[in-house]
Amino acid sequence: MGSYVPSTEEQRREMLQSIGLSDYRELYKDVPAGMYLDHLLDLPEGKSELEVSRALAAMAKKNRVYDTVLRGAGAYDHYIPSIVKQIPAKEEFLTAYTPYQAEISQGVLQSIFEYQTEICELTGMDVSNASVYDGATAAAEAAAMARDRKRRITLVSASTHPDVINTIRTYSYGTNDEVKIIPTKNGKTDLEAMKALLGPEVASVYVQQPNFFGLFEDADALSDAVHESGALFILGCNPIALGIMKTPRDLGADIAVGEGQPLGLPIGFGGPYLGFMATTQKYMRRLPGRIVGETTDNAGNRAYVLSLQAREQHIRREKAGSNICSNEALCALTASVYLAVMGPDGLAEAASSSMAKAHYLCEQLCSLPGISRRFEGEFFHEFLLDMPKPDKVLAALDEKNILGGLPYADGVLWCVTEKVSKETLDEVVSIVKEAIA
Amino acid sequence: MTINPDLQYTKSHEWIRMDGDIAVIGISDFAQDALGDLVFVNLPEIGDNVTAGESFGDVESVKAVSDLISPVTGTVCEINEELLDAPEMLNNDPYGAWIIKVNNIDGAEDLLDPAAYEEHCASEA
Amino acid sequence: MKLIFEKSVQGRRCSILPTCDVPPTEMPSSLKRETAPMLPQMSETDVSRHYTELCKHVHGVNCGFYPLGSCTMKYNPRIDEEMASLPGFTSIHPLAPESSVAGCIEVLETAKKYLCEITGMDGMTFQPAAGAHGEFTGVLLIKQYHDSRGDQKRTKIIVPDSAHGTNPATAAMCGYQVVNIPSAPDGCVDLNALRAVLGEDTAGLMLTNPNTVGIFDENIPEITRLVHEAGGLCYYDGANLNAVMGVVRPGDMGFDCVHLNLHKTFATPHGGGGPGAGAVGCKSFLVPFLPHSALMEEEGHLQVRSFMGNFLVVVRALTYLLTLGREGISEAAKNAVLNANYLMARIKGTFTPAFDRICMHEFVLDLSEYKKATGVSALDVAKSLIDYGMHPPTMYFPLIVHEALMLEPTETESKETLDWAAEVFRTLYELGYKDPGYMHEAPHAAQIGRPDEVKAARTPVLRYTRS
């Protein structure tokens, strides 16, 4: 049996005796007799570390690790520099609690302050929180923070990731608020349809940039219409794209959110990921979650603390805007290390290279007979293709240990990152060519 | 602790002064002292209706938040926006730093005169 | 310490990516970024040293004693980390074909089976990313249940006043009115107070047992019976499960759904504030309402985040479960309780326990008399502990005890550590009488002294700006 209890049998007896007890059962005297388990749980016997590592390795082996991943749809396989994996694995960062005790937590607090600054830089916003669970919950929290007593309805573009739409719906179901979906036109948010839905009860409009189909939305025009109606504009952004794309602030957003996973976190079968959230000065106090602020200590030295805590659940209880406490601090640290290693140039290169490679693959595939883009328009690193025999194509790629695009709405949604070489892309094109022949 | 002899008070430590038919509302010295250094005030909007005995906003210290209870029922006609940038005014000058002004008054809580309020504070201390 | 931006040197960089080997594509001009973000420009040496310096000013549970009540800061085994870093887990796309992810499914199914057995539940989701997120999910299950029966009159959730702040905040996020009921002096549910508020409008009760002062509520069968009788459901906040896992099950206590903090009870690390994982278990009649991913699985269900949740955290928890096995689970709980009682007994001659009786995995000290005698507050004692390399206990919680310090040593601390900790408490107890002024100024040996939190809140500086 494996155990992390250090006390020896003799010490345990000694400790029990010192508090006047002879048996562990006496510690649980308040547990009603009928409930106290008089048998062991139906679990396997404990194992040594060596046996456990074998068991887990065997499970991992049952998963297929593809050499190349051409699937995105919310989880993006970018290159993760080695040091980005090493630093968050340091035991101090890994095993600390939330930094409520500032004097013993300056390292964590400073790293969050640096993360907040980087998110503000990427989004062009004034204030970022310390993170939320993922991009979908960031979107749902943003929709909640945009509501006031009079404006309760959230509009969400149908070109948003389905999981994000469903999460916003679920949070709104909680507070009994309405969500309306804005239809798309040619794969993008339909401006006229949105205008028809806007009104005095609409609190905010959520749009994803680039959207679920990889297309760039006409955010400027959308934002103007949203603001004209008095609602807030929430933009969900891909953080890698932000290396070269106009900031959400410049595109008119009041709240910028997104899935931070592309910033150095592994795709990891869906998590842990990272939700980032930033807003303007005006809405600072509506932002949910932890926020680190700079101050001075009693000797006048620069110091960092968890600040504006009176917004949060442990103080405001049922009147808090959100119940969030634990967030994704270590993932935020990972993103921060990633951004420091990449720098402004490296991030821009990851973005341009992903975009260029996606365009290259798209052009090459579209030159094959029967393959075409579902929607026209400028795109980032994802594109939806209509193609013959998609099952056969994906199976042929699978055979070469390549994970092809995601079958979606009778088409295939492809994604290319900087990780994939031109050589591999050319190989993909020839495999597809053969499969559809 | 000081009690301004020209004001009336609530059991929840707000003060009120009638300025013609407008009620001026703030918090007492006892309240600001108990709350500690205030860092933010959440104010209602002009035009909001307030109800006697119910919350019209709140004040935050670093580790606590406390409801502001309206002594009267009516409509908010003015808010002290200076408090948004300088909540410490409530600590430094509680009887000078009014929070809201209310008109169209239609009902009020049982108010305490300065002597009764002093007794009330003594019982809570 | 300098911020990373203050160490940045224009033009310096790491060499990570190759030159792009396909023709470049221009960003559409209307969308092109005008100025580059001010990100650090550093060599890899700079980055490495920056974070190495930062982590010298962090105290993790693997660095030293961390008796933080209600947070279960137990040792985080390194093998759990190694297993969660296997490429066979980290490199798996959540939308990869089902046939290629059999190992991931096995991890989730196995963890679900074991955790259902531990909690006495029938079904489970791993979608929630943290404890509060699990609470949200659990209370939504309650809401869906009442809605599915067309029972619209249930608008209230009952929460004891000793509860964690997340409980009332969660109920509010689920559209419920929160009914706070006073606790009995020992933090247990006051049955009369409960009876007085139960009725046709009761949607449910949120409760943690052992409660937030570390006492097992012996009336639990009666509590859950009363709530059910009124037509409400019972939600178990698993924050304190470490005291009772393998000993008594929430399902047997009468609870209908439960969240677990895998990052407390099942030894996955806290990461300075996450990621956690808030697995939610429920009885079979609630299983149809469990959340699913619209893209991965099916539409028409609740969904509290993308995909399947914090999968790699579940890998760590499963590693831990497999290591402990059927005997180790209850062994951990029993020794967590023993350690708490032992430490309380060792401290008792000095600081006063708020409840002088057998506790569960944690106990509360009441320093109000001590403060009257010395002027030294619970905060002063907590800050003084830092100078001894001990993380302070939870302060001023639960709200029903004044000048509270709440200690949870966990089972992974040795008798020697507990003896040492008791000695430190004794030393500080005496110091309070001799030199209270010194303790008002503590800590003295930390990187910073006490920060000015009022200044931080009045004039928020929430990001670095190049001056």
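Here the chain labels run A, B and C in written order, and each chain numbers its own residues starting at 1.
Convention: a contact is a pair of C-beta atoms (placed from the backbone, for glycine too) under 8 Å apart; a residue touches a chain by one contact, two chains touch by 3 or more.
Treat the numbers as computed from the prediction; the structure is a model and nothing was measured.
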item	value
Chain of greatest Cα-centre distance to subunit A	B
Identifier of the chain whose CA centre is least distant from the whole-structure CA centre	C
Mean-CA-position distance for subunit C and subunit B (Å)	37
Subunit A and subunit B: spacing of chain centres that average the CA atoms, whole Å	43
Intercentroid distance (Cα basis), subunit C paired with subunit A, Å	20
Residues of subunit B engaged with two or more neighbouring chains	39-40, 60, 62-63
Multi-partner residues of subunit C (at least 2 other chains)	453, 457
Multi-partner residues of subunit A (each touching 2 or more other chains)	308-310, 315-316, 319
Interfacial residue positions of subunit B with respect to subunit A in the complex	39-40, 58, 60-65
Subunit C - residues contacting subunit B, complex	396, 453-454, 457-458
Of subunit A, residues touching subunit B in the complex	285, 308-310, 315-316, 319
